[in-house]
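Next up, some structures in structure tokens.
Here chain A shows up in two complexes: once beside chain B, once beside chain C.
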Partner chain A sequence: MLPVLTSLAVLLVTGLAALIAHRSPRAATALGAGGAAAGSLLGLVPALGVLLGDPAISLRVPWQVPGGAFSVEIDALSALFLFPIFLLSALAAVYGAGYLWPSRTTRSLGPPWFFYNLLVACMVLVVIARNAVLFLMAWEVMALASFFLVIREHEKEEVREAGWTYLVATRLGTAFLLAFFAWIGRETGSMEFDRFSRHGVFSPALAGSLFVLAVIGFGTKAGFMPLHVWLPEAHPAAPSHVSALMSGVMIKTGIYGLVRTLTWLGPPPAWWAWTLIAIGLSSGILGVLFALAQNDLKRLLAYSSVENIGIITLGLGVGVLGIHTGSTTLAVLGFAGGLLHVVNHALFKGLLFLGAGAVVHATGTREIDRLGGLLKRMPVTAACFLTGAAAISGLPPFNGFVGEFLILLGSFRGASVLPAETAVPLLAAIAGLALIGGLAAACFSRAFGIVFLGEARGEPVAHAHEPGPALRAPMWILAVACVAVGLLGPWVVRALAPALEVVMGTPVASGEEGIPTGPLLGVLLASLLLLATVALSAAIRRFLLAGRPVTESVTWDCGYARPGARMQYTASSYAQPLTSLFSVFLRTRRVAALPEGIFPSGASFATETRDVCRESGFRPAFERLSRVLWAMRWLQHGRVHLYVLYIALTLVVLLVWKLG
Partner chain B sequence: MNLGLETILVFLVLANIVVLASSRLTACIRAVAAQGIALGIFPLLAHDAALTARVLLLAAGSMVLKGIVFPMLLSRAARDAEVRREMEPFVGYTLSIVFGAAALAVALWIGSRLPLPRATWSPLVVPVALFTLFVGLFIIVSRKKALSQVLGYLVLENGIYAFGVALALEEPLLVELGVLLDVFVAVFVMGIAIFHISREFDHIDTDRMTTLRDWTRRRRAPGTALSGKGEAAGEGGK
Partner chain C sequence: MSPTCLLPPVIALVFSPLLLGVINRTKARFAGRAGAPLHQPYHDLLKLLRKGAVYSRTTTWLFRAGPVVGLGAMLAASALVPFGGLGAPLAFEGDLLVLAGLLALARFVTVNAALDTGSSFEGMGASREVQFSALAEPALFLGLASMARETGAVSLGAIFASLSAHPWAESGLAPLLAAVALAIVFLAENARIPVDDPNTHLELTMIHEVMVLDHSGPDFALIQYGAALKLWLLGSLVVGMLLPVGPGSAPAGVALAGGGMIALAVLTGVVESVMARLRLLRVPQLLVGAGALSSLALVLAFV
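Then we have the complex of A and B:
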């Protein structure tokens, strides 16, 4: 336990030191980024140790807070989440040092590093806490630290608005969690997590209510579909390394909380599995559809996070169905797929956000339609972004494929042996996952194609250049990790076994009933064949072209007399066939001034896809609430006397009521 | 029963009534100062046990601060800000005395019901402490001048102090020391702040200082934010 506590101490102390040293940008960056990287690497050691089979380590120190105790434990499940947290935090810290450096002239670098290190420390504490009070405190500070990171550029109206949306969403989520922990704590008579799990069987109604509270509370953080509204606002507003961290690992703490909750609530009824699969399908399909329709690169990535959270939840749903039906294969494959996707998504979404950050860094815009042709100017960023895009689309030989493959494999196996009524959600999962994969491929071919291929569409690209080594190195490492996890699939999945045992509560064997090594080896073989084919094709191309003149020409030069950048596909036009097919969900707004007359003078066309949940769900609800609460405004008059009177009266009335 | 202590308790009540009834700030400051000195004697008499150095130190410190330093600071602030009287309070002086009588009754009732960890040496001490507390709160609520509010704050602290000494153990004294330090800083800061406010605005009427509240009557155009947070977001940008 000592290395992790040391790592926490290093994070907090260096964060504080960076805040104190805020006058010197150099010192703040060195302390903040250096401390975050050092602390993360320090914590990575025990996390990897437990992940690879060391026994769980725990520590419990009594605490003055009522119901609270500083009890922490690293078991395999915690370690599985600690690994991406530490890895991505270290890499994003290095990246952030380079990313924030140019802004040192306009504002201090102390606060962002303080909050960054605080955020990392709290994420770590959230996944190792074994006491509800400690957990909730870490959870809240995590939300607040990330809020302050999001509103770094608070002079912009849209950043402030994003910050408020995030703050309100996360507070509402915590309200449900507070109710959840208060309730389960009252039932079990303790706030310690091990008492929750040893409590035995809850009554079905109680377990169901707790499950719903946990799904809403943790789902708000994770970004389940109707509750996801803060994600597409907060991620674009935050600095890119923070977006990577928030999207890559912070929202996963919601998944962690949900998985941990499942270990307390006893044997799951079928409707839990149905609920999780339904949430997974809606988040996955709608998330990727909205991602497809976005014109802002980071907003696109944020929606894609919703999609991937959907895939993870789908895996969890399949796993819960496996436990419910007593089918170990189904449970192992579902949970393994979901949990592996947690790690995978941290890798490739971190990579993509860092890549997007490099693009923003170089061009100063997030508008896809103003970019283009960056491949020639930023080849390293483009290669890394392409790796991430292929991985997130679930294509072999990258890591995204392995996780989705496990979920699909489990669903197929389950659907073929289980009775019809249990097989239906599995069939839905298969169909949904296939749809998500196809749409994701379309979405990311669009993102990569419009941003990096073709010709420059606007002024911003003209001065674009490859970022410095501090920005490139983290992207390289993540890209290599994406390939490595993809190629080492069978062994990586085997390393999940201890975590699966924590989730399922039963030992997990490898072989036909447990971890499916056989099919994964098959996948590996196919991946290697694919790589060999690519290498062979490249060799043949080189052989054929050897000795012949090779010239480079303008893109889109096929037959046009004077090709221009405006003749290319735009982001809207590339997505149009799919967005119009799904227009019933997307409700894309079009503003068009079509060409008129024989000699049309000017024309324009613009599309905008706003979030339907936000526009038609939350906004009217909040406006109605605001109108109702407007009646209470007279209480808020600004007279200090009367505020004191409120407080005094309340206290006296409470005293009298208590004594009377 | 201890005659000296009972006398001090009665004195506390009377000082409270002076603060409630007087419009002259100088008189109020003096009453609060006298109250502070009386309270300083309190632990000396209340402790039938040995007079430890700590008790003596606390008594001396509290008397010096409450009886001399605070009144001086406040008098100077009053002189600098050129205020002598509390004109037009929210609640008139007659009504204030009526409130005082009612508060005393409530305090007596609560004192008779309040479960205490240990018996006090006089049945009157808890009601008097509560009464002082109520009066302090009332002064804060009902007076306009910032100076009066500082006085109310001091009276409130006196009440807390009396309560602490009533249940005097060693620990509350330690806590008291902390509170005393807080009050010292608070009065110091308020004294300076009042001076600056009066120089800036030519008055120290707190009822006219509502500009900094976090709500104004304007509403923003719809569609710029999830409503309900919009105003706050707008304010944040100032």
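Then we have the complex of A and C:
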């Protein structure tokens, strides 16, 4: 436990030191980023140790807070979440040092590094906490630290709006968690997690209510559709290394909370599995559809996080269905696929956000339609972004494929033998995953193709250049990790076994019922064969073209002699067939000024896809609520002596209530 | 692993261009022409392989990598598909998912290579390709799931072996419906009528052919050969469902499957001769219809 506590201490102390040293950008960056990287690497060692088979480590120190105690534990499940948190935090810190440096002249670098290190420390604490009070405190500080990181550029109207949305959403989510922990604490008579798990069977109604509270509370953080509304606002507004951290690992703490909750609530009824699969399908399909319709690169990535949370939830749903039906193979494959996708998504979404940050850094715009042709100017960023795009589209031989393969294999196995009422949700998962895969390929060929390929569409690209080594190195490492996890599938999945045992509460072996070693070896062989055949066809091409005339010319545009950059397909036109097919959900707004007359002077066309849940769900509801609450406004008048009176009155009321 | 397992990929590699020859000959006969010899596609490939290449100045390494990775994916996929009762060299539980993944990889690189040219035509083709393939994917997966349900197996070899023991004529219509759904996916994925017209790259039919407009010489040969392999592999899935052959029945099984492939090619040629291409707005309906057929096959498989 000592290395992790040291790591926490390093993170907090260097964060504070960066805040104190805020007058010197150099000192703040060195302390903040250096401390974050050092602390994270320090914590990575025990996390990897537990993941690779060391026994769980725990510590409990009594505490003055009622019901609270500083009890922490690193078991396999915590370690599985700690690994991406530490890895991505270290890499994003290095990246952030280079990314924030140019802004030192306009704004102090102390606060962002203080909040960054605080955010990392709290995420670590959230996944190792074993006491509800400690957990909630870490959870709240994590939300607040990320809030202050999001609103760094608070002079912009849209950033303040995004921060506000995020703050309200995360507070509401916490309200449900507070109710959840208060209730389960009252039932079990303790705030310690191990008492929750040892409580035994809850009554079905109670377990169901707790499950719903947990899904809403943790789902708000994870970004379940329709609770995702803060995600596409907050992620684009934050600096890119923070977006990577928030999207790559912070939203996964919601998944962690949900999985941990499942270990307390006892045997799951079928409707939990149905609920999780339904949430997974709606988040996955709608998330990728909205991603496809976005014109802002970072907003696109934020919606794609909703999609990937959907895939993870599908995996969890399949796993819960497996536990419900007593099918070990289904449970293992579903949970293994979901948990592996947690790690995978941290790798490739972190990579993609860092890549998007490099693009923003170089061009000053996030608008896809103003970019293009960046591959020639930023080859390293482009290659890394392409790796991430292929991985997130679930293509072999990258890591995304392995996770989705496990969920699909489980669903296929289950659908081929289980009775109809259990097989139907699995078939929905199969069809949904197939559609999500196809749409994700469309979305990310668009994101990569329009931004990096073809000719530059606008002025911003003209001066674009490759970022410095501090920004390049983290992207390289993440890209290599995406390939490595893809090729090391059998061993990576075997390393998940201890975490699966925590989730399922039963031993997990390899073989027919357990970890599917055979199919994973098959995937590995197919991937190696793929690499060999690609090398073979590259060699054939090279051999054939050697000594032959190879010339360069303009793009063949069906006889049109002078193709221009503005004639290229744009991001909007590329997505149009799919967005119009799914216009029921997307409700894309089009603003068109068509050419008129014999000699048209100009024309324009613009599309915008706003969030349907936000626009027609939450916004009207909150506006109505704010009108109602306006009546209470007279209570908030800003006179401090009356506020003190409120406090005194409350204390008197409490005293009377306690005595009476 | 027996040495005969190397035969399915070898057969695919050798005979896949022949299917194109058969399709073109059928179409020629329908049009009242004698048509090119059946081995014409081989000559076309050899001719392209002997040429140099022209590249657009807009393009990058990605454009050159597109055909290479595309063909590589198809070559790897050919090791996954059994043929005529002969098991594939790579047969494992879930191999059908890897097959779908390899097809998706080939599509991803082709689409990106098309976008690399900066041509609006190729962008249009890429956009349509990703739309139709996204809609074809559920039909493919549900069709495969119905076969998994019917046979209780999750690998291609086991599915075909089990189907051969209970051919669809006895066991009900589920495999037949799934085969029809897969046949629609086969036509859509291989850019055949009624989804796309392989003979033209006019604006109205701009899907697959238009994406490869800028490729020339050996690159184009790699693309054409990859497309022929894809035609063969998806075709042998359809034939495997309609004419399932159990293990150990070679060489009669191989002959039967080979005959089935020729018949499928003739049928494709007939469809191309007697049908017009669907309007682009209608294509999604066809693909969703294929998905509905797959779902129906699933319902039947549960009964």
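As a working rule, the second predicted complex is superposed on the first by the 626 of 660 C-alpha atoms of A that agree within 3 Å, B and C clash if a C-alpha of one lies under 4 Å from a C-alpha of the other, contacts with A are read in each partner's own complex, and residues count from 1 in each chain.
As a convention for this text, a residue touches a chain if its C-beta (ideal position, glycine included) is under 8 Å from a C-beta of that chain, and two chains touch if they have at least 3 such contacts.
Bear in mind the structure is a predicted one, so any value in this text is a computation, not a measurement.
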item: First, second, both or neither for A:462, with chain B first and chain C second; value: neither
item: Partner chain(s) touched by A:160 [first = chain B, second = chain C, both, neither]; value: first
item: Chain B versus chain C as contact partner of A:629, first or second or both or neither; value: first
item: First, second, both or neither for A:442, with chain B first and chain C second; value: second
item: Per-residue touch tally on chain A - higher for chain B or for chain C; value: C
item: Partner chain in contact with A:434 - chain B first, chain C second, else both or neither; value: second
item: Partner chain(s) touched by A:565 [first = chain B, second = chain C, both, neither]; value: second
item: Of all residues in chain A, those that touch chain C in their complex; value: 372-373, 375-376, 386, 390, 393-396, 401, 405, 408-409, 411-413, 415-417, 420, 423, 427, 430-431, 433-435, 437-439, 441-442, 445-446, 448-450, 453-455, 516, 518-519, 521-523, 525-526, 529-530, 532-538, 540-541, 544-545, 548-558, 563, 565, 567-569, 573-578, 581
item: Touching residues on chain A, where the partner in the complex is chain B; value: 154-155, 157, 160-161, 164-165, 168, 614, 618-619, 622-623, 625-626, 629, 633, 636-642, 644-645, 648, 652, 655-656, 659-660
item: Chain A partner contacts - residues on chain B that touch it in the complex; value: 90, 106, 110, 113-114, 134, 137, 140-143, 149, 206-207, 209-215, 222, 224-229, 232-233, 236-237
item: Contact footprint of chain A on chain C as seen in their complex; value: 49, 51-60, 62, 64-65, 67-69, 71-73, 75-76, 79-80, 90-95, 97-98, 100-102, 104-105, 107-108, 111-112, 115-124, 126-128, 130-131, 133-138, 140-142, 144-145, 148-149, 151-154, 201, 213-214, 217-219, 222, 284, 291, 298, 302
